[in-house]
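One structure follows; several queries about it will come next.
Order of writing sets the chain letters: A, B, C and D. Residues in each chain are counted from 1.
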Amino acid sequence: MVQEKTTDRDNALFEAGIKLGALYHQFTGSPVNLDTASSLEQAIQESISVQPYVEEISVKIDRNLLKSKLNNEFGYSELQGPMLKVNITVGYGSSKVRVGMEYDPKLNYPLMKILEIEEINV
Amino acid sequence: MVQEKTTDRDNALFEAGIKLGALYHQFTGSPVNLDTASSLEQAIQESISVQPYVEEISVKIDRNLLKSKLNNEFGYSELQGPMLKVNITVGYGSSKVRVGMEYDPKLNYPLMKILEIEEINV
Amino acid sequence: MVQEKTTDRDNALFEAGIKLGALYHQFTGSPVNLDTASSLEQAIQESISVQPYVEEISVKIDRNLLKSKLNNEFGYSELQGPMLKVNITVGYGSSKVRVGMEYDPKLNYPLMKILEIEEINV
Amino acid sequence: MVQEKTTDRDNALFEAGIKLGALYHQFTGSPVNLDTASSLEQAIQESISVQPYVEEISVKIDRNLLKSKLNNEFGYSELQGPMLKVNITVGYGSSKVRVGMEYDPKLNYPLMKILEIEEINV
């Protein structure tokens, strides 16, 4: 085993993971319907954007999936992981990473993944 | 001990309590700063408004208290209970109740309380 | 319309609602599998029991429903509202109320309801 | 700018960040006092341990800080970020990372950081 020094790239990926985990567990469970989905998207975006190292964030709630969950007595649902499509760009020193979350039907799981890693040559 | 039948008034108060408990534990912890407080207020209002029996809701985040919590390295805070001032009106059958939540400095506690109970004579 | 004075019974029901709303929105979303369900039940019970006016609380996670949700790639689920069966007894002055939450398949909804109201004759 | 391929190390750090963000935003806000802190620690540990790639986890709630927050009318507090001391080991392919969270008094912030990165030579 070799112990390694921490790089900007390591920190960028670690920070990007923190943001996705935070977003998911802070906001899933929020009551939502088709009329209120856009204010919730907006608030989630702005909320997570104030955390350290976030450069860009986009949050979309899948309206079709939401619609399919409104079939209870009271006509609303909760924000569920599979409804979320999220993209976040994190910058840390010389490293910039883009990560995302999106429901993966094959895994039956709202999968978070690394989409892009860029090293800025200085 | 006497067992009692459940009235509209009972249900209105029970439902009003549910909304305040839900709001508090869903949204406290959300990252927030002075620029994003209003989108968070808006989203909380709209989110809780879709729950059953909610007739009116107003959510305010105390900007002065928020400002006083921005003194960390990264210039943002989390939504904390004492920052919230909430008013909710719930209607259930012949009963309408108004409840609220507001920080009580004497108790050092974000106190939820019943503000008004009205019975509609039919 | 007639404005009413707030009674112990009103407050007991309001407080009972707060506890159910809090429990639901604090703990749903927690990662859970069959091995960890009992520590989560225990923690939820103890956590909500420290809130004001709670006299008794029982929290059960439906193992069959949980098992049916473990079919993703990673073999765990999140605590979802329909998995929860909760009973809470709240005492406030001369009033004691028992409330509960349980999935109602007809409504397709984790329904919270008032189960019992007792007035202690003094 | 140079686009990079994703390595096991990248994924290990990303996954480790997800766990810390999830833990923080799922469980802060939970009502807690000195009697219930240990069941909450236990449940948090077990809950996060079921998530993918977690090899070890330890969660401690700072009893002194908790005690200092019990000075409200009702003798309990909520789990707050600065009370948490967490260590998580994540393994992903040939990479193993240890990350942690602990209140940093100089930053006045519950800082999450990378503690150790190991590459297993195969």
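Here, a residue touches a chain if its C-beta (ideal position, glycine included) is under 8 Å from a C-beta of that chain, and two chains touch if they have at least 3 such contacts.
The model shown is predicted, which means the values in this text are computed figures rather than measured ones.
Using the contact threshold fixed earlier, the set of chains in contact with both chain C and chain D is A, B. When the interfaces B-D and A-D are ranked by C-beta pairs in contact, the top one is A-D. Per-chain CA centroids place chain A at a distance of 19 Å from chain D.
Mean C-alpha positions place chain B and chain D at a centre distance of 29 Å. Among the residues of chain B, those in touch with two or more other chains are 22, 24-26, 29, 74. By the touch criterion stated above, chain C contacts chain A in their complex at residues 24-25, 28-29, 71-74, 78, 81, 107-109. Per the touch definition, chain C reaches chain B in the complex via residues 1-6, 9-11, 13-26, 96, 99, 112, 114, 116-121. Chain C contributes residues 22, 26-27, 29-33, 35-36, 39-40, 42-44, 46-52, 74-76 to its touches with chain D in the complex.
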